[in-house]
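Same chain, two partners: chain A is paired with chain B first, then with chain C.
On to the complex of A and B.
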């Protein structure tokens, strides 16, 4: 989002058309205002311009007092040239076309031109620029350089050094965006190549992005390499459901099968980046062990059945079960499915025992601002979370705030994290002393007589560091943590202490969910008694029928013995799951379902932004979306008018759940909509983005 | 005209390398005078002197000094470019080794004139003796209160440090030098009009003066004897004032550094170096490997001056004058030059990175006897695709010598391409050829 500060306008002339542009705007951007394009390779709008590739050369002159134009003797790189008053630019002259041919000829002399087998072929800037501006033949008759074709930078990223055009985008990404400086150029001149230091692993948690910004097929995804040609792929706009950030992505598929994930621009959320978990963590779409049809238990095994054949025993086991029936829900279930599940349990089963909360202690976090607010430049206390792991995009934006807007960051965690690289103060406390530190900081900031030395004794954080942190935090700003804090035994008290810090400094307290729809479940009132209580009730025989919805308790709950006892003890276990899981072995009935990109629905991300997914590929076999399973159960169990599409479900949510008031699919703009914004006032236009005060 | 020893007058006197010896010969009178003058008056003297940068580009020095903000808002830096990487040039080496105080005092004067806080001498690491001599001079100056805190009781502080380079020609390019000094890869940075001038945002984005060793070494004379006096030297030329040290090398009887007044002719310079050795004068590259080669006939009368050399078809450059006798194969000479630039291209920009390598590949093919009919045109085209298109001057500097040689000695290229061997077929030439070329019978 271009910050619209008070930048004066200047008059420039581009191909003899006069326009006004903000002073200092790069000419490569200014020409777009006239619908023109300057070809580029190394320039990337989200990174500092470097002028390396020289593809963007333009002729430049300056208007003189007498009206004549003084041309600069040499062509200039349009990607680094800031607009100034009286600047005269030509993008379409014969000398410029000759320069473009020259640069492309240079880039191609050592390029292997293995387009027919290249992942990038068909979506390659080098191909496109060559077609549009390049020479048709080469005068190069020397030996081309030969270099490793499949150099493994990491498990995920494979580098074809012959294809590299040394544009530096990948290196600059790690310097300017991810901030890990994992890549650098080694060697000089024509031998220069991007590399990790000492050829160690490319460990960045954001490494996948370089594959997308590489203007050739040099950086390839080890998962996607040689698996498809771009023109064979279909793509569907989607949202990543690996974590609560809700990155916008392109979900690429071929013949109904998932192929790859690419970042999709949403300035409010991920700009255009993804983290590596999102980029490479969608393999389960093609997993071989996905359940494909409803199954009912038969002795030690299962017998396939129809959906009706599965619903009958399930409804019989749960009907009017009251307290003795329960459901546990995983973190990646859509708003619509969560809502219908709750309705099913309340209305048909008379049970309130539906819980999505897998944390050790209860709590519902706190959301006051947005992801984009994080980069605004105010002081930020990151507390008890490794941001790059738990909230990766928030990490990138906080880093941007620190490096571009001068945000002062205090990072409190028990071990070093990536945030330390840009933090003004790092507080590494003894594990288990979170509460003492949060209360101690609160005390120091509120001036309640606490001393830094006393806090040091309790937490192991040097008193001087604490005083430095207080200096930063007394300016207000944001206390930022994740609901991972509730996995600690004193989670709620820690979150309360952080809220106290915010109150004491006039700042905000953000304790954000980490699961893809963890926040949605909180909004829809599904936090419930918590998984631990439900599992205990199962283990003690107080619950006779348990419904697991896209939740593998063995993966989600730390107490394995409890999970085993619970699943063994319950009389009836429904495992409703899109993927294979350990819990299947205990199931009475198995209901195969769809993964997020196989269904229609919405997700609520950590900043309460509701975003829509749509079916990109079909679920395997007879799999159904979760919401439809619940809708069909409701139809069978109650004499109600069923809700037979997710759009209607959302309308019902909007009518019943105050936070969602006014939320309709039509009102979800391209960037999604933050709950509690101006939803009610926006009848038909896309809703406002980031409309929270 | 004879030699005019201004900077190098005491070069042979070891005592001059000590502070006592330097001061005994009038050293530091200039700084004492400068600190008694208004800062602007010092810059005005430099303006009157007509001093132009000795690093290669010949940019008026006073404009740089005058470009530093007068109302100080940030630390100011004074950088000395002592990277001297240009093949054929070795005058900064001698200045630092034999008259180091001139450079140190000159930098201090520049510091005074621009309210400098910190100076760095960026010396190529191979110049061990030079670095040692400069280190010693700096240490002595500190001990005598001529550097450091409260210099000469003015209340003005100025520190001076040495930074050793790591062996890249590109690090002599002023913006790459700053990258290197800041701990980054030695690659050039954006320049005006793409970024502010170094005088506005140079090292660490602070106002920065950068000059060559020889440029600074002129400053004490300008301040002490006055800009008007300095401007009398070289007055016969269009716009080149003072003296210039030329590193004269090649087929000469007495190769070495010779300081002359602007206005001297190339012939006089060659004679100073004892005249051409081993055969008749064939060609001369007057200003370092980057500049255009001149044909022997007529070059003796070419006048040394920035504009005059340009009119003669070449440049003063950094003053690395390479003289070649009749047994030199120009094609092989250019092959070697092309090799240097391909090796030293930093890799940042496409035209230089790819173009220098391609030119070298073609040159190498030609000197191995596999030249093709279109090679000369192709080489010329490539130089045009590099010249003015590269990110920094290295690309231009790689293109000029090739383009000039193709223009000035086309017959040698034609012959080599047509016959697969050099046109210069004398025993002496064969002895001069590179060893591998001898084995392939070139």
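On to the complex of A and C.
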């Protein structure tokens, strides 16, 4: 709602209070400045107003010359009414009350009022508005409309047509926000219903959001169906750790068990959206096969033990140290745990063999801007990544930039992706010709004598398209890709060529991580030699003891045979894992740990934003947070004052790792903090308390 | 025995027995519990019962409104979905788990008031004593009315 610069202010009067608002601001937003609210259904601040539900009616008039107010004869919809000079608005008059009652009575004519079994019951705008503004009884005694209930609209979304009030929010979401146009209204009048098209399904990768924006229980979550009522739930602000975007979410839980994920607003990251992978990707919190107590190998099976019973053999096996011991870390381990792991290996085991990089080739990507910068409107080259899969929120932001700010997008990928829908130019190259295309584009942009025809021959992209792409990108084109490129054998060269493109156009070069804390591991210097090298060393018997930290090598590494050989050959294998995995079968010691929302810590997202996660539910059984495991090992191995909590660990990180300089929990703020950026300007750093500086 | 002693001691005792003797003829208020039990008032609120429809289907739809209304937070409801093969209640939803912690319950009857289907009712069974704390958590099976034959 912040006033946009260079929009003139106009004087309006709302309920006889005069205020100045930017010209053209919608009245439904203006009233919020006075702390008032107009009831709404179809209006959504992030979508264009359509005025479909008529819930937001207000009385409007204009000041006359003689100072009197002339009201318009009919009420107006506040959500489509732009503020203009001298406008007089009344939101709380008797006629408006009558209008609201009337609108609600109409909406409820066909609404089944099955609130007791509806998953929206208790957090439903229709319930709330009816309680606040509606009639207490209905005069409608005829038969209500009957339509299919619990229709599976997509894997995740269940549609109950009887409950729909035809506000169009879901349809507009797919048109304006996710951009996949999967939903539309069919039929008219009382028969109108949101639906997919005849030959397509609701396959949007952002389908879960319509559950949250539907103002009634028409669209509900198939996963959360009948799991709990809102008043049964407790909620904790959290950060999604499924991918590197770091969407802010509400982690809803009941009796210590995860129940559902809802989007939480963070204008700098996800605005208020989530992707389906994240929203529905937390079921492993309730998995039955999660390890619950430390186990040590006994013959073919495991014997349960205490934590100290597990630490002793582990520390004994790793005591040899040096190059003979190694650790591999998964992509979802917090900054604090990563830091302590590195300290444990450096100080106690004198080993540098700690690696978080599971890609085929080494590389640390490149971060020059932020997620929000993507929507600024400059031309963007999306290269070698299916953005909606790898960086879903970046995809939404880029689409917003393309549709709202006119950003011209070039999409280069071997097959069609969602980005093609709004891209100005799509370059579909032959798989394997990424490097040729990146170098070709660089050559064309830098004017090094390369010809589009030569690039066409190598990549299969028509020369005309290439020329169009160059035309789009040449002024400030940003190269946007994901570190998934490093899974290609020539990954580093491709990233280098992309950096060259950015240099040639004067844009930014972004090659972003895709794992929740992949970037954090890079910043903390854990990228290491790479998992492939470590696994090879294990398979060849050069590494005696291996420590897997929240990493299932079978899922993370493409070469199954190598993983099997490595895990079989290595003498001592510690599997420290919050979830069951195939690697458990090879373990010498199993250490059960906590998932991200079960512990305190911070994560560094793809734009290097450090965000805090708090413990929402307890880990099952004896599970401990990763950082605590390392801290306790350090305590046993070294005569050092241990770091007692993640806050102290972060202080130690800030003191030791230049990228994190100034990073304290107090400095993180509600939106998290981008490393480097504003952190360095934080004045008056308080003295460190109990740290290791 | 002096007159004073008779007046101050014996006479009141005799008078007292006199009252008792007169009351012997009246109807008794106490009953020989547990051999005899008095009929409770019609609106007495004691042990909960989950009722059924005449068809035998459960009335409870697992909406958790009782749990929301309960000032002692002693009700736990977990819902699930009816299928055509396995139908517990009419409609889509039924209570998979329904538990009341009788130690916490204050028998206020708000759950009964909140129930949209009249499934949970407080009836007249007041003999709730038990030996183990765990036994005071009444499960759905214990609360559910038997199917009338």
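To be clear about the criterion, the second predicted complex is superposed on the first by the 674 of 693 C-alpha atoms of A that agree within 3 Å, B and C clash if a C-alpha of one lies under 4 Å from a C-alpha of the other, contacts with A are read in each partner's own complex, and residues count from 1 in each chain.
Note that in this section contacts are C-beta pairs under 8 Å (C-beta built on N, C-alpha and C of every residue); 3 or more make two chains touch, one makes a residue touch a chain.
Since the model is a prediction, treat every value here as computed from it, not as a measurement.
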First, second, both or neither for A:232, with chain B first and chain C second: second
Which superposed partner A:116 touches (first chain B, second chain C, both, neither): second
Chain B versus chain C as contact partner of A:102, first or second or both or neither: first
First (chain B), second (chain C), both or neither touched by A:149: second
Chain B versus chain C as contact partner of A:283, first or second or both or neither: neither
List of chain A residues in touch with chain C within their complex: 114, 116-117, 121-122, 149-150, 225-229, 231-232, 255
Interface residues, chain C side, partner chain A - complex: 61-65, 67-68, 76-81, 91-93, 116-117
Residue numbers on chain B that touch chain A, as the complex places them: 168, 185, 190, 193-195, 342-351, 353-358, 361-362, 365, 372, 374, 378, 381, 384-385, 388-391
Footprint of chain B on chain A - complex, ascending: 49-55, 57, 73-77, 80-82, 84, 99, 102-103, 105-107, 109-110, 139-143, 165-166, 168, 184-185, 187-192
